[in-house]
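Working notes for the structure below.
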Amino acid sequence: MSKNKTELKTEFEPRIIAFVCQWCTYTGADLAGTSRIQYAPNVRIIKLPCTGRIDVHFILKAFEQGADGVIVSGCHPGDCHYTSGNYYARRRFEMFKNMMNFLGIDEKRLQFAWVSAAEGRKWGSLVDEVTNNVRALGPFDNYKSLKIF
Amino acid sequence: MARIGVFVCWCGENIARTVDVIRVAEAMKSIPGVIVSLDYKYMCSDPGQKIIKDAIVNERLSGVVVALCSPLMHEKTFRTAAKEAGLNPFLLEVANIREHCSWVHEDKEEGTKKAIEITRSVVERVKQNYELQNITVPITNRALVIGGGIAGIQAALDIANGGHQVIMVERTPSIGGHMAGLSETFPTLDCSQCILTPRMVEVARHPNIKLYTYSEVESVHGFVGNFKIKIRKKARSVDINICTGCGICQEKCPQKKIPSEFECGTGFRKAIYIPFPQAVPNKPVIDREHCTYFTKGKCKLCEKVCGPKAIRYDQVDEYVEEDVGAIVVATGYEVINSDKFPEYGAGRFKDIINGLQFERLASASGPTEGKIVRPSDGKEPETIVFIACAGSRDPAKGIPYCSKICCMYTAKHAMLYHHKIHHGKAYVFYMDIRSAGKGYDEFVRRAIEQDGAIYVRGRVSRIYEKTINDGNGNEVKKLIVKGVDTLMNETMEIEADMVVLATAVKPSPGAAQLAQKVGTPYNEYEFFSEAHPKLRPVESNTAGVFLAGCTQSPKDIPESVADASAAASKVQILFSKKELERDPYVSIVNADKCFGCFSCEAVCPYRAISREEIKNRKGEVVRMVAQINKGLCQGCGGCISICRAKACDLIGYTDEQIWAQIHSYPADEAEIETETGDEEEDK
Amino acid sequence: MKNYQLSAKDLAAFFEKVLSNNLRLIAPIKVKQNESQNVTKLKNKAHILFREIPSKDDLKNIVIDAYTDMSAKEIFFPRSEPVIEYTNKKSGVVIKDIDPQAKETVLFGARPCDAFGFSLLERLFSWDYDDPFFLKRREKTTVISLGCTSPLESCFCTSVGLSPMNTEGSDILFTPMSNNNNDKEDRYLVEVITPRGEKLIESIIGISSDLKNIFTEGNSLVQAKAAFENKVKEQMKRKEDFKDITEILKYKFDDSQLESETYRCLGCGVCSMVCPTCHCFDIVDEGEASHGYRMKNWDSCSFALFTKHGGGHNPRDMQFKRCRQRYMHKLHYYREKFADALCVGCGRCVKACPVNLDIYSVVYNLKKAYANNKNKEDKEK
Amino acid sequence: MTTTNINYSDLQQEIRDLSKDLLESKKVNIVIGYGAGPLNEKPIPTFITNAADVDRLLYNEHCYHNLSVYLTKAEIRPKAPWAIVVKGCDARSIVGLVVENQIKREDVFTIGMPCNGVKIEGNLPSKCVNCTVKNPANVSKVVSSIKIDSSAIIEQHPLHQDMEMLNKMSAEERFQFWKNEFDRCIRCYACRQICPHCFCNTCIAEKSTPQWISTTPGSRGNFAWNAIRAFHLVGRCVECMECSRSCPMGIRLDLLNHYLAEEVKNSYNFISGMDFEQKPPLTTYNLKDNQDFIK
């Protein structure tokens, strides 16, 4: 589906930012690469040591920077290289997701996942699914309407 | 102002095929701070690295971004190159535009746009990097080997012979593992105990090796060079220092009918037992579930007959702490249970056994002293059917992988059967023969041509039992094996006396729990995950943890031994330096901002955070702040996201770097390239 | 200047004329907890804020009798505004000044104390440097203030030399009057004070306009207004005169009384934000490397970081020093330079303060304490 | 015997006597209580350091401030040990401060007041309607022998109607509701300065390297500030609703705090400030935590 440059960009291409842990999901995404699994090109990966390091500021700043969807993914509970990073993250994400939903941010725009180093295929389908969900929701005009002044 | 160099790699055509690398390099020029931006066919090759080194020197670069494959592959390579050129290695970052971009998107336009944004985000990130030095941490020159099979033994001996202390922990009462239970070993058919027992004795006698048998690893704390291991010594109920190993207690013990784990169910043992004659340590252990004293409270016969009075009924589990610098995991394998095969009678027919059981029957020290007989009636089997790939390469059974060793040991079994029962007929149902080792295929050819094994290329669909009379009037139970011969393309039905399933190999039970204790990733079948399948097969992603033998994937004895020696050499490399250089990714606390709530102390998995008193000039404690022990901190960042005032930050993944990366993705649709094209607007 | 009379029922016509002359009209309206939702069971803390009245049918929302929570300062000195815009282009950094785009505006409903506050700010913003952002907006705006007929318990404008109906600072003063001063006010005395006010009134009742007759002659009400003003002044609960407070504060800088009076201050910035005369602002660059704005935002001297130096030293490390700075600046430093106290006695800070820190009672106590030990000294002499 | 009417003058006298002997016996250096304020009917936080002027202390139904905020202020922190007059809700804040190592339990002498609901601007605030701590817990001394009968019929939580209103809205409407609320924010930080659990010496909102929350009171900065402030109080806020009371722009912080407090109670069965031993929920974890929102 290559579009030539001149054609007006009609349909909306969502921009997804993914915060991933380096031990599991980043390596899982590498595996998706080595196994040549094709998935949507809309995701931009930011590597972090652990889901325990992923902070709610990052997610808010990503939305402020025009992201239409955010993926946060790390090791399955029990697999964390730092033993408990993802357990704390799980609680933090649940509370943050509920608060964002209460503040009116659609849950589909913020997807949490566990993708281990062996699940390249799961990473590909996760990105595709989030991209399609967010494409259906359309651009995140609400957050884009929050201007600096 | 930053002086950044961007180097985009073609990776032959792995990247260039679906990403216009020239356009990527061109787009980077427009970013403020980028001095040089070029592309090259093979950046990781020597000429490629030379380009970077020259650019660092000539352009006095303060930061380098290399856009190519995953940092897990070549980050170290390029950082050493940068170091040689005089640039602090932590001022170099890798942008992953192969695994995360070119290999996963076919559309060249999208791929290029994405590659530009990925590289640009890493350029913005590098601007925030600052010079770092590796942290040096003292190393305890002692290694822990988990598992006493051939892999564990080999690794322990190599490390011990290298002059370092080794702690070996074996779960069963004796080391030796599955190899001790084999009869002969392919391809040379030399007797398994004969080549193994000297090594076991060498382990027991080695001054540098401290052996914990009938013990398990309870917990692992700390990190490479400074692991703190807690070992649970299960109560043997025998004091092995006094016991002479005479074996009288074993003879006299009234409990006779306990299936022996070592014999895989083909033989029995007593309640107080030495697993097998050549066991090391050759001392008994009391099985408390079956011993009448422990279950009903009376008997104590073994105590009475014991000369040196070595029996200790009151012995309890003991916990021991050991400090080690490296861990070699050699927990070996287990074969899957036969009840996974309902189509083959799922363990109902006594004469269907698995490979390990056949080994016990064929072994001279086995329950039948080497005579191959039918477990049901003890008669010599006239016809045996061996079924290869029982469970392996069979996604329906959940095991899609090949267990690698079954083709060889099945050929060996056919050969042993022929040597012992000359007129016996051996059928082998196989899919493909995988005999890729040295002298392996000749071995299989010999089994077929000289020992008359009938190799049938096909699968066995069903086995059922039928009683027929054997021509001279008495009723005999036969196993009717219905199979197909795909080469002759005809179905077959064989009346067999015995069937041997070459069942699939899986990790020894409890491997996942051990992986979680040690903190290393494992795959969905619970095999430990190696750091890199080709480049680092015996290392795990957790620094200081090495893998040997079947704990990583099914292997035969030669490979396990090679693995073990490789792991041992990796440990030697680690111990060759007095201190260990660790990457400097640790958390640092700004005492000004810390208000002493110590939520960080609660979430730190390494207990690396302690409380420091801030005193005023008069020496009174004014307030308490968090303090991070650089040696223990592993850089997970848990403390940073729990700290509300961001009083701490993680070197290598600072807030500034991540903020810069997030900010590098343009807020509105302003294409990066239009920024380069803005000269036209200004004209 | 001229005086007119306007009956209360013609007020709406007056506004319509202002709108039809496409002037921007700003007046106090009631902002419910949320414009779209109904009021919840609990007494809803509704807020009276100055908002633009876009069209005729919004005129009914204008609230005349209540006092606004925020002062009208925001019209001239908004809580945040960009001063420059920078764009990082290949050829270099392009910096663009931002014009305040002041529109012709009519501000209705400010109180005389607010209006006087504007004149205090105007003096300051044109003292050594003419601040375009404030001055341009002030020039384009005609301030119609509304005299106070029933001041609140927290008002103390008379203490700083003002009165519920004083005229200085506003362009036009509407004073609600009644022909005999007992029944309900049904008309306004319209005192035009400045040429700008004159120009607006002309444009409203100019020769061609059909509203010529709504402004009838008003001089007759002037005496009645003076009497009415004194009556209202008497009703005020807080009348202590702070004429000589500047002298007293000179000796009070190191007095522990200031510390004990302001011990409960929490260091939030509510008092500065709601105050009609507080004018401190903070400059911060917002945006990203490629594009952004230099923002001018409200700031408050009660914030802990207000005077924190780069090296970490903070001359006002304790909260009472910050409160002291607030009182000193308003009643001492500003008065020495501009003759009037930088406090118009509107009492908004007293109402809004979460712990009811009250500038009036602090100054009152200081004055009493000063008086006590003064006559103690006299006795000893 | 349990009752629902309180004789405030008795309580007031008991506070005065208790404070007198605490100060005289040097057990505490300062008593933090309520005193007469400039505007009648609005008592103000008062600080008594010498026994002579304990009579400035008063107590009535208008004493709504949560005085525990002062224990972490720079002027008062060095004056430990303190005595402090606390109602049930304020006592929960004291527990929170002790759990987060800001004050030591033995440094604070809490004078627990039985309370049947305060009056803010003449109204019973939402937090008092279903109050479960009418008889204060975890306090050094409960002032009077009377027990408030808190078995009154627990009617629907007064915020329930507003919460229902919000839940019935679509995500879009809810976003507009909160955007309108937060757009009014003038960043005076009264909500932060009055909260007993906001004791950071430099707040994240004032961090500029990097700037996570834009300091400009525009819609972006306000949304981020109010979201992060609420999130930093998850599992810590005791719903004393002082922030919502002191917000000059009337932003419905009470809805936000109440929602998050309910979430924490439902998900982790944790109510903040009830037990000295319990750690805040976000600093612990449970292997069986809910994760059905995670793919």
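Going in written order, the chains are labelled A, B, C and D, and every chain counts its residues from 1.
As a convention for this text, contacts are C-beta pairs under 8 Å (C-beta built on N, C-alpha and C of every residue); 3 or more make two chains touch, one makes a residue touch a chain.
Computed from a predicted model, the values in this text were never measured in an experiment.
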Relative to chain A, chain with the most remote C-alpha centre: C
A-C against B-D, pair bridged by the larger set of C-beta contacts: B-D
Centre-most chain, if every chain is reduced to its averaged C-alpha atoms: A
Interchain centroid distance [CA atoms averaged], chain A/chain C, Å: 48
Chain centre separation in whole Å, for chain D relative to chain B (CA means): 53
Inter-chain centre distance, chain A versus chain D - centres from mean C-alpha coordinates, in Å: 36
Chain C and chain D: spacing of chain centres that average the CA atoms, whole Å: 32
Where chain A touches two or more other chains, by residue: 56-57, 61, 64, 84, 88, 92, 148-149
Junction residues of chain B, two or more chains touched: 592, 603, 642, 655, 659, 663, 666-667
Residue list for chain C, restricted to those that touch at least two other chains: 80, 286, 295
Complex contact set, residues of chain C against chain B: 88-91, 288-290, 312
Contacting residues of chain D [partner chain B, same complex]: 100-102, 199-204, 207, 209-212, 232, 279-280, 282-284
Partner chain A, residues of chain C touching it in the complex: 80-82, 286-287, 292-293, 295
Chain A residues within the chain D interface of the complex: 56-57, 60-61, 64, 77, 84, 87-88, 90-107, 111-114, 126, 129, 142, 145-149
Complex interface listing, chain D residues touching chain C: 37-39, 42, 44-47, 65, 69-70, 73-75, 121-123, 125-126, 158, 161-162, 165, 176-177, 180-181, 184, 186-190, 192-194, 201-202, 206, 208, 211, 214-218, 221, 242, 245-246, 248-250, 252
